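Per-chain numbering from 1; labels A, B, C, D, E and F assigned in written order.
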Amino acid sequence: MLNERVAYVNGEIVPESRATISIHDLGFVYGDAVYDTARTFGGRLFKLPEHIERLYQTLRYARIDPGLTPAQMTQKTEALVAANLPLLGEGEDYWVTQRISRGIARYEGDPVPYEGATVVIECVPLPLKGRAHYYRDGIPVATPAVRRIAPEALSPRAKTTNYLNMTLGDLEVKARDPKLWAVLLDHNGNLCEGIGANIFVVRDGVVMTPKEDHVLPGISRATVLELCRDLGLPAEERDLAPHDAYIADEAFLTSTSLCMCPVSSFNDVKLAPVPGPVTKRLIDAYAQLVGLDFVAQYSSRL
Amino acid sequence: MLNERVAYVNGEIVPESRATISIHDLGFVYGDAVYDTARTFGGRLFKLPEHIERLYQTLRYARIDPGLTPAQMTQKTEALVAANLPLLGEGEDYWVTQRISRGIARYEGDPVPYEGATVVIECVPLPLKGRAHYYRDGIPVATPAVRRIAPEALSPRAKTTNYLNMTLGDLEVKARDPKLWAVLLDHNGNLCEGIGANIFVVRDGVVMTPKEDHVLPGISRATVLELCRDLGLPAEERDLAPHDAYIADEAFLTSTSLCMCPVSSFNDVKLAPVPGPVTKRLIDAYAQLVGLDFVAQYSSRL
Amino acid sequence: MLNERVAYVNGEIVPESRATISIHDLGFVYGDAVYDTARTFGGRLFKLPEHIERLYQTLRYARIDPGLTPAQMTQKTEALVAANLPLLGEGEDYWVTQRISRGIARYEGDPVPYEGATVVIECVPLPLKGRAHYYRDGIPVATPAVRRIAPEALSPRAKTTNYLNMTLGDLEVKARDPKLWAVLLDHNGNLCEGIGANIFVVRDGVVMTPKEDHVLPGISRATVLELCRDLGLPAEERDLAPHDAYIADEAFLTSTSLCMCPVSSFNDVKLAPVPGPVTKRLIDAYAQLVGLDFVAQYSSRL
Amino acid sequence: MLNERVAYVNGEIVPESRATISIHDLGFVYGDAVYDTARTFGGRLFKLPEHIERLYQTLRYARIDPGLTPAQMTQKTEALVAANLPLLGEGEDYWVTQRISRGIARYEGDPVPYEGATVVIECVPLPLKGRAHYYRDGIPVATPAVRRIAPEALSPRAKTTNYLNMTLGDLEVKARDPKLWAVLLDHNGNLCEGIGANIFVVRDGVVMTPKEDHVLPGISRATVLELCRDLGLPAEERDLAPHDAYIADEAFLTSTSLCMCPVSSFNDVKLAPVPGPVTKRLIDAYAQLVGLDFVAQYSSRL
Amino acid sequence: MLNERVAYVNGEIVPESRATISIHDLGFVYGDAVYDTARTFGGRLFKLPEHIERLYQTLRYARIDPGLTPAQMTQKTEALVAANLPLLGEGEDYWVTQRISRGIARYEGDPVPYEGATVVIECVPLPLKGRAHYYRDGIPVATPAVRRIAPEALSPRAKTTNYLNMTLGDLEVKARDPKLWAVLLDHNGNLCEGIGANIFVVRDGVVMTPKEDHVLPGISRATVLELCRDLGLPAEERDLAPHDAYIADEAFLTSTSLCMCPVSSFNDVKLAPVPGPVTKRLIDAYAQLVGLDFVAQYSSRL
Amino acid sequence: MLNERVAYVNGEIVPESRATISIHDLGFVYGDAVYDTARTFGGRLFKLPEHIERLYQTLRYARIDPGLTPAQMTQKTEALVAANLPLLGEGEDYWVTQRISRGIARYEGDPVPYEGATVVIECVPLPLKGRAHYYRDGIPVATPAVRRIAPEALSPRAKTTNYLNMTLGDLEVKARDPKLWAVLLDHNGNLCEGIGANIFVVRDGVVMTPKEDHVLPGISRATVLELCRDLGLPAEERDLAPHDAYIADEAFLTSTSLCMCPVSSFNDVKLAPVPGPVTKRLIDAYAQLVGLDFVAQYSSRL
């Protein structure tokens, strides 16, 4: 019986401890890679088709041919999750990621190890324990001075592995307090996004989030916007300034792993106690949609 | 006797075919890595101290602790080159790269494979044959529409592996002609840089190149500026517009591997026959400095 | 009987070969002129009132008094078309242009030839043969590196003769392939416009085109938006990034002469075979509206 | 004997009243033209080689082949001046302009009137009388709200006929007072240039003017910078903000026709009485260099 | 009986002539203060709750604790108006302002005069006579060259006392004509706002005003948007370029004191006679809403 | 004998506790005021002429007439310092400030209290005790997300009281740690300035500070640049990115009160132990120039 998770690497299923890529892989050498990450709820993948569609959009943008059709990518992803399910602990869930690089850098005179892209699929456990406190206390959000890369240089709507810009933002705020969660401003100084997270603010009952012109169009973000429609909550995709966050009634982050998590403060200015009523209502609807009380899932690790 | 190149990976010397990193390495997962590349001339490393100094500046900027002092990094680099020298073909030379990621992504409940950064050092042969035509015909340079990332998001002076922005520029121009070499414009629309290459233009005897505010301060670029001083050629670091390239008398690119190579056209507008007299004079001085006629080295592969 | 087309020049009808303006005309000297261009379908002018309205908006913006009321301008335009109709070849149609400069530059001591603006109206044959291949193969679109003039310097909504910015974009892409059609990016790096052409992309059944804040509000563009309403196709005027073009299902250009023509590739990346289903549906509706199968009109010249 | 000035039009010398271009000339249709303007002092051309060199740089940038070598263009220009000299009034001088468009727009089925560019050379009298008051009172300078076109869209260093942006600036300030001279700000909000004029400010004895990155590198501007060197006056090419003008000790404009003329006020804020001592010293040196007291030449028309 | 207006200063009601603040007050020293201004109609405060809400948003943004709840601030404001009502002249009305600074600058060793914020509430008479001509002639609007502060530096939605940027714009246009009213452009060159005034343009029956992303969300502006809804007039909050003003059918300004006042010209280009029909209709509805014919109120002072 | 400091307010010398301005003063109402601050060393004013010159430049820029000549302003400043000298504690020194507003807001029907500007001159004790720890530990500098106002909106070279932009930056960093000193980035993302402080970085022996295009040209900053010249230290005024701070060998702040104080960390990344050797050398020279060991003066309060 399996006692180690397995990963998909270029057509083979291997134990993670032996799941490696060449030091010449372009994803490692030049960040020449893209990815997408879904998660499971109670072991079941959520909105995998949406994730696969976004992955293939990013591949088109990066002009990488993964060598697999979307249907094949879906099938292999599902198979990998199935293979790893027995190792999922009680009450745990998986992050499920496809990561695709342009392949191996070629050097003159060297043999060609294989043609085409490098495709990796992996399951890793969600950081339930490490983030549990955020569901109790809310997430303290801070805006670093470093700005998000402008779309004219690299589209924020493409999910690539070039995260150093956001990593620098995260390092800047975490250096002062490891609990802080960085939300970078875009090149115009509006609220943009953090590492893998979209931000929402609520004011006078209106739910607002930055336009996808400047942020990754998160699947969880889209889920919240759909829930707003279902619940009859007015929702807007619009430019949001720091001013909007300072005067917000409520705020929350969304991400594949977080789903939704309330924000407790913005640049060390406290918001109202969390979760606010609109956030609470959306969290409840989100949990119902995915069939799992993710707040309880996180909180049970406290 | 060695019949395969070896690489340094986290303290060990391994054959390249077995030189791998984990699929969880942050350099692969999030492009969370930096690097620097020197080259050999006749098997001897050139300006390694300058490369090592720039590498450690980038590490400071990225807040990555490589776990090695500059002296240790230098020693291990030199040792690796020595180990691979026997495999260097007649008239060939090596690219020598240190690549350092922040380490392995940690997942809850997983064992910790090792602490700290991932350090890779590798030697790969220079693409002498593939680029030989550039020394005969000059490099046709084109500016893609995609702009270089602005310094307020990511410093161009830090040599990180987040190259997708430049890769997109390269894909844009190579899709129309694989021989084209992309030189991106910066966020102000001035001449910036290409993948690993700085651009120079010459007009009325003045040698000009973009300021390091917007480009990687290439070691070869610095070498050319020093040679200008030695030769009494006026040289300026200044903002250069496409207009400067359209009306230039001469232009050339510099990079670690190219050293200096003349530019034949700019956006399909022919410049004067290459190499121009100033470029030729600098190439000769460069070859003398490094003790190897690199033009002949490349051209012999035609 | 007339064997040469005639033009209207400052109140007179003259054969085109003798239709001239002074070398001191401000339209020639300083580009101090505006224009608008309609076309005929089967010899009948289409949406002339809309073109005249836009022309007079541009005149107000440029503070040029044409010395004619909109009604007079309309009447003289219609009269000129009528005069030239006999010379229209079988299956051909006319571009019909009003071009108005601020008049003649005055120099000290010189006599004043006439007061006020220079008004030219002309009919020229549409380039049916030269563009026929675009209707068979689609238009390969490319984005040059040169950016469109920002609205804070010159309004893109005013149709002036200051086209050098767009001409530079066109020269940049045509130097590499004369079939390429340039679509410049705006100063934010979003899709903007080409010489006399608006761009549309289609994704998931939604028809999208840049907002008129950054482009000329083309009459054909407006026609397509009206057709979308009539056909129940969702349509949006919004900022569009190159990313939108790379992942588009379909794309097309609109212009007075083209009406609508499918786009085959974007920066040398192929889109799906042309015309796509939404484009086809709009083309059919467009042809019905104007009472002429313009695709057949162009294609018959192949 | 000649009683009307003549002009050069495409190889022929014609009286100005019959010097015309086709209404299909691309310079008139699309502003697809470039030019340069020198002036005479006492009937003698000043710095014609510098003007011709700049003209050919602009032609390269615009990719227009004039069909004449620089030497031919020079010869034809000098010949035209010689032909018109007899008509030059007592104490008058000429503006001498080469204007070159890309040629005639081609329409399908139309005969081709001629190949290649349209070349016009003309002499017109300087506006001595109209501007005389500026030498007595100084020039009141105002900055319109409209900004100069950014270099990433159109190089300010290329002297093209696309002047509408500057014309709009001029209209904006002249609508409130016809004596005002517009100096536009660049896209960063720094002092840029007016129609055919560079601005200089003087503070604490230092003569400063905007860098040629953002302005036309005027021949008169260069002349002033050379005179500064000759006179030992410190001079700087640098970004200048409106703040620099508000606190300036002196300011002046330079242009081919003005040579140098003091500025009396900036946005209706008076500067010190004109001309200031540094301006006066430079004017005297300028007059000596060109061999004509241009201030007296203008002032005699009062 | 009271023969001088009184003001509220830090909890006390004092005659205005003795209503002072320390020279060390941070509002005076560093502009470290915010405010809001309502007005009376026939002595009755209009939309005070909306003004108080905006004031408290600005206080949150500036992180100033006024030491009073919104209810207390409201009560004290109403009490002050009541106290000053007897001094209101026939047909006059009051501007009613709360101005709150962060308090007193503290210097080492100095005694602390009081803790916390400085709160001032004051009533001053509206400038009915001084502005009466605007209701007869319309307001001539001009755009200065100085740009509005970008939101990334200071939110335009926060009503702070840092008005120097707008004051500079006002000085720039008033220096040429004291009747001109400055409307600054934003950092993108779009129509923004003037001192305490929002701008609206009307074209083809559509009422348009800049988005609140770039301007103070005026209470009068909101009132007009509500009236548009009530009257069935289409209204849009969108980016507006100077082009929109040049081609507008009508334009008007709104402010607390003006309510609505027609614009007669834009940069000295006349608009149609004022008030236009849409403006007139909105003015009438506005007057009805507030229960006072403010046009008559102003005009009676002519 | 005097037991309270006095201030100059509009021509009168009054005890500070009674030194007040009207609540209608434009400096309080609209931040319509400018200022300058010198300091004493051992009771003697340092570089007062330079401060007065900058004050009058700012007054010109703001178009405020103070009603006093520079000589009068100087004399009144010196007199005020003399009057307050007896109250200066052992080893203490004064900040000496002129603050000038445009005067009193005028309201219709109100009497005019006085004409012209409000002029305040004051002496306050330097915060020696509160800042002493910075000289022992160095100053921890942090860059807030809020950007400095761009020069096109308000010149950073004018010393006005509109400090809210910098106050917001300071609040942002002090909310997380009251010891942090904010240095804002400019609108391009380069290092700019903090409240009343310029930043310098030192690398490879070169002393660098941002150009005065983007910062207040501090008198202490100029003093350091002069000392560099005197000591033969290479010094550059240039754009500096955060990258420059992250890789700096040393850094320090300058201000009138601080003179020079070493920086210990940048965004929580430690620099080398403070003061570095170049900083130390400059501090010693600075102390010698002003005739007072200001480090000892501060440190004695620990």
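Note that in this section a residue touches a chain if its C-beta (ideal position, glycine included) is under 8 Å from a C-beta of that chain, and two chains touch if they have at least 3 such contacts.
As the structure is a prediction and not an experimental result, all values here were calculated from the model.
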**Study point:** Those chains which touch chain F and also touch chain B
**Key:** A, D
Review point. Copies chain E, chain F: same or different interface, half of numbers shared as the threshold?
Key: same
Revision key, fill the gap. Chain A and chain B have mean C-alpha positions lying a whole-number Å distance apart equal to 32
Point to revise | Averaged-CA centre spacing for the pair chain C and chain B, given as whole angstrom | key: 45
Point to revise | Cα-centroid distance, chain C relative to chain F, in whole angstrom | key: 57
Exercise for review: Would you pick out the residues of chain F that each touch at least 2 other chains?
Suggested key: 63, 146-147, 150, 152-153, 175, 185, 189, 242, 269
**Study point:** Chain-to-chain touches, reported pairwise for every pair that qualifies
**Key:** A-B, A-C, A-E, A-F, B-C, B-D, B-F, C-D, C-E, D-E, D-F, E-F
**Study point:** Complex interface listing, chain F residues touching chain D
**Key:** 57, 60-61, 63, 150-153, 155, 157-158, 213
Check your understanding: If you look only at chain E, which of its residues touch chain C in the complex?
Key -> 185, 188-190, 239, 241-243, 246-247, 269
Revision key, fill the gap. Seen from chain B, its contact residues with chain C in the complex are 142-147, 172, 175-177, 185, 189, 242, 267-269
Review point. Along chain B, where are the residues that touch chain A in the complex?
Key: 7, 9, 16-17, 19-25, 27-33, 35, 62-63, 89, 99, 101, 105, 107-110, 113, 120, 122, 124-130, 146-150, 152-154, 160-165, 167-168, 171, 175, 187
